[in-house]
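Take a look at the structures listed below.
In what follows, subunit A forms one complex with subunit B and a second complex with subunit C.
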Partner chain A sequence: MHFGPHLLLAALEGLVTSAVLALTALGLSLVFGVMRVVNVAHGEFFMLGAVLAWAITTAIGGHPALGFLAALVIAPLIVGALALVAERLVLRRLNYNPEATIVATIGMLYIIQQLALTFYGPEARPVEPPFSYRILLPWFGYSGYKLSVIAASALLLLATWLVLTRTKIGLVMRATQYDSETAQAFGIPVGRVYGGVFALGAMLAAIAAVLIVPISQAHYLMGQDPLLLSFIVVIIGGLGSLRGTVVAAVLIGMSDGIISMFFSPTLAKIIATLLVAMVLVFRPQGLFGTASR
Partner chain B sequence: MSEASPAKAYTLHLGVIALLFVLSFLLPEYYHGLLARIMVLAVFAMGYNMLFGYVGLLSLGHAMFFAAGLYGAGLAVIQLGWNVPLAFLGGIACGAVLALGIGLLALRTTGVAFMIVTMMFAQVFYLLILYFATWTGGDQGMVVPQPARVLSFGATALELTNPTVRYMTALALFSIVLLVTLAIVRSRYGRVLVAIRENEERTKMLGYDTFSNKLAAVVISGTICAASGAAYALLFGYVGSSFASVQYSILPLLWVLLGGAATTLGPLIGTLFMYYVIDITSGYTSAYLLIVGIALILLVLFFPKGILGSVRQRWLGWLP
Partner chain C sequence: MADRNGFFDLSKTALTRRTALKGLAAGAGLTVAPGFVRYSQAQSSAPIKIGFQSHRTGIGAAYGRWYEKTTAAAVKAINAAGGINGRQVEVIIEDDGTDPGRGAEVVGKFATQHKTDIVFGTLFSHVVIGSAPAAGENKMPYFVVSEGHHVASTKLNRYVFQPGITDVKSQIQSMAPWIAANAGKKVTQIFPDFAFGYDHRDYLPPALKAQGAEVIAQIAIPPTESSFTKYFPQIPAETEVIYHVMVGPAVLTFVKELGEFYGSNRPQLFGFIDSLEATDINSPGLEFLDGSHFWEGSPRYAQADDSEAQKAYRAAVGIDDNGAAVGDPKDVSTAAHMFGCWETLYVVKKAMEDAGYKGPEDRAKLVEATEALTAFAEGPEHPQGPKTFNGKIHQCFGIQNISKVEGGKLKVVHKTKIEDGLYEAEGDYTTQAL
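Then we have the complex of A and B:
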């Protein structure tokens, strides 16, 4: 293959990564933006989505599309419910203290990971894609499913954006984000908003995982890379900024796809992590974010 | 932390050291080895406590300082053929230099950003160890050869692989670090650190240079953690990348939270307690991460002061 098609392939792969990453990071960013806490267990909600997708498709059987659609609905609901319970039982009692929350979510990370290992096992298991149509380009064939992941992710991002900016729910969320005390004074049930946002964030990660699981298999440690990458995306995009998150996800996903096709993936990770740490040190509001309040 | 009781505090600490010394002759072989390991790791926890407990800076990247000592000492012996005391000092120096660099950068941030920045620097350090696998052994790690692990004073040679020598060396390191932290905490400088933890703005207004005080605390903390890592490499003979992973940044946090942040003996108690809990439960289940997770959540929810912190609050107000 010549350089051009090679680059196109890398870019397409990068775009798939970006699509999934944008959804996952958006969940993390929403939780940080509205609640001002960092959820270290976010990657485990992602992993849980993938593992549940495997369990649901295996239980249903029949045509792969049937099981996949069921997983796309049920897995995020289960993960969301679990996140809600965790939020009620732990985070609320900690009064959303940022540092205590990080320690508690580290605890959740270990618990979820260990339970997945105990009940699901250490194997990586595949999920069949709902359809296996290949689009034939002049140079190579490309999976139609991967392209549909990009489209699905774009639709979901658009939907989230519409909800945030055009509906009452979005208004309530933004009001809570802007000033939770004043919001409370105006009769907004801030506690319930926090619960909902935490669940929504986890659900976004779970949806992203269900979408990616037919491409990469379900494994109990698969939450670690998305967590780190989401951190990177959220920091570069500016904490709590939706547009910045999407732009940064595309940037990171594409460069990850392209750099690791031509260089060592470890080196790519080292450079990316170091750059992001430097961004956080010297430009804490992110590259696209506005100055923090 | 009242002024009136320096004698009481020093008696207590010397008593703990004496108790550990006597235990060396009483414990059965298995627990003897375990306690030696716990003392070395408690030094790691004490280094962590220096920053987290007294300055209130929560780092999620202290594994890099431990690993700097571990690899600094290990590589010096394996690749350069240095002798044990020199390699130990080399490991400590690596940790101190790294801590100075990281401190200069990370201290520009505060709160949550500080936690994430330290975690990312530690991740870079971990990935660098994997990347330079030709020298570091990658994720396989390296074994420090037994013949090299000898402390020689003139004609007498002490083999660090001998259990009693190993225990006494660990105890010596532990005692020195314990007394040094006690002295630091009781000094003027220690008071300034606590003042920064309680109210940084006010401390600044009183004329203290909070940045350089915090920087010094990061360097002291990193140096102590590196000493623990260097001792671990030389005493137990294994240098591995898993010691640089995120998990080894979380564990000292857990030990300190459990034992009691900002208490000098808390790190020992926390490390001891957690090790025995894991040791006992490993008979029933291999899921020790589950226990770590549950312990972390229960601690922050119901017991944020830890064991010694609660004891100090209820009964012994003079406890340092």
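Then we have the complex of A and C:
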């Protein structure tokens, strides 16, 4: 294949990766930014989203688009509710202590993963895309659904940004992130904000998973890669920075797509990890993060 | 942390001399109690313990589940017919997480803790390779159902056997003539980047060359990969056949993306069903496979010419005509491989009977008795077909099926002969000390 089409294919693949990664990493970034909790179970909320999407589409049947739309609404709500319960039962009781919550979320990771194995099983199960349109380019064919994932993710990111910067909820969240004690002194119900943010973070991961599941499949181990990549993105972009998360996701996704296509996927991972090391050494707060006070 | 409850305060929990004596007396009493020594007095009545190293979790979990079902069915049949040497068979399952390190630990656990007579049942090649040294060190006969060439390569040790399923080198060699004659001469290989894939990487090119065909590109894919479109530009345009072996949960994505990439204008496809074991061939996105060909060890779908033994085996394991669990059409089996568990257990039975096996002290005799076996006739004990066994390389050789995807089913279109897959032995395990 010639260089031009090859690069186009690489860029498209990279954009799909970026789109899903941005949503997942944003969830992780929000939780850390506002609550200072490193949520190691984030990838499992992603996995739960995909598994629930399979369950919902299977239960509904009929036209694939019907089940998919239902999954897009219901799966994140269930995952959000679960996250809320986990936050109330576990994280709150640990007083959001940074070390304790890391250990607790590692525990949650295993519990969720093994419950999925027990009740859903070890198989990878497919979800039918809402539409299967194949875009025919002169050099190769490409999935129309993949392009729509990029668009949907961009819309969702925009919506999250609007909520964070233009609404009262966003204001309250930002205030809590900036200084939770002062926020509490001003009458902001910090406990409820924490619960809401943790649920929102999990829901973003679940939405990303529902979007990706017609491309890949629902599998109980699928949360591991997104977790690792999300951490990379969040460290590079700066914890708690929406803009940084999106930029870093596009950077990592595109470099992954292009480097792994022209060289090797292993090299792409090496470079991403090297980038993380560089950022940690030269700009520990991340590209767009603000230095901690 | 303050020790508020005094857990660590020895003055409160120290043993008195009297309690210590009581405990000792109770312990001594237990060991002489009649129930405790039941088996050591009457060895013939104790069950034969088979340690099953199962992929219950990890990427092999779907295989593990069906290997367990097949094993349970075989053990039930063996026990109903009187067991082995008049003793019942008991299976003890340990999960290896489809992980080589854990696999070695599991073998050690079977040897020292469960004290099983043999270890059995491993599929994934990296787990077999990782566990084999532990089996050798513990002098524990280790019967794998793995398909890889590692046993027959004689790179493992004298305690490792693969008597129930043909190895990849032999499979490839026996199918290469069909591929070259029916699919095409210019072949691009896509294989997973670990041991099992390397067998395909190393043995397909010479096998095809012998048939006047050639491998023009080899694409290795990391086993954890979840997206494949980025590899497809490496497939040369003149490719006539894509030979794909992709084990892992992402295989549906692989097929779907291949479909999107090529559309209806695709090269011929020849694959190992390994990729699609436990997966419904009618899953969304797999329409692209229609008309393509697969290797199958044992056919998933019931065939018109199935033997009575094959029918009885399918009924015993509980799979329907579509190769799915009876009563749950969505629960598709790993039919192409799991027959190996059934057949291996019958080989173990035969070898134990030949050796007059009584207990772990006879393990060396069991190894020699297994090595003395030469052939297994087709029948209820070997429903997949007849096999020969080479005791020097601990490997069996059977027939292979090439099936075509037609109307949402797999139909066997070619069966190889045992002779097609025989090759020069690369070594001799029997020269190793026991």
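As a convention for this text, the second predicted complex is superposed on the first by the 284 of 293 C-alpha atoms of A that agree within 3 Å, B and C clash if a C-alpha of one lies under 4 Å from a C-alpha of the other, contacts with A are read in each partner's own complex, and residues count from 1 in each chain.
Quick note on the criterion: a contact is a pair of C-beta atoms (placed from the backbone, for glycine too) under 8 Å apart; a residue touches a chain by one contact, two chains touch by 3 or more.
All of these numbers come straight from a predicted model, not from anything done at the bench.
By the touch criterion defined above, A:38 reaches subunit B but does not reach subunit C.
Of the two partner chains placed around the shared chain by superposition, subunit C is the only one that A:17 touches, whereas subunit B remains out of contact.
Once the two complexes are overlaid on the shared chain, A:280 sits against subunit B while remaining clear of subunit C.
When the two complexes are overlaid on their common chain A, residue A:219 makes contact with subunit C while staying clear of subunit B. In the superposed model, A:117 lies in contact with both subunit B and subunit C. Once the two complexes are laid over each other on the shared chain, residue contacts for A:6 go to subunit C alone; subunit B is not touched. 114, 117, 266 are the residues of subunit A that lie in the contact sets of both subunit B and subunit C, per the superposition on chain A. Residues of subunit B that touch subunit A in their complex: 58, 60, 105-106, 108-109, 111-113, 115-117, 120-121, 123-124, 127-128, 130-131, 250, 253, 257, 287, 289-290, 292-297, 299-301, 304. In the complex of the two chains, the subunit A residues touching subunit B come out as 38, 90, 93-94, 98-100, 102-104, 106-111, 113-115, 117-118, 228, 231, 235, 264, 266-267, 269-270, 273-274, 276-278, 280-282, 284. Taken in their complex, subunit C has these residues touching subunit A: 57-59, 61-62, 64-65, 222, 224-227, 229-233, 237, 249-253, 256-257, 260-263, 278-279, 283-285.
Those residues of subunit A that touch subunit C in the shared complex are 1, 6, 9-10, 13, 16-17, 64, 114, 117, 121-124, 126-129, 134, 136, 140-143, 215-217, 219, 221-222, 225, 257, 260-261, 265-266.
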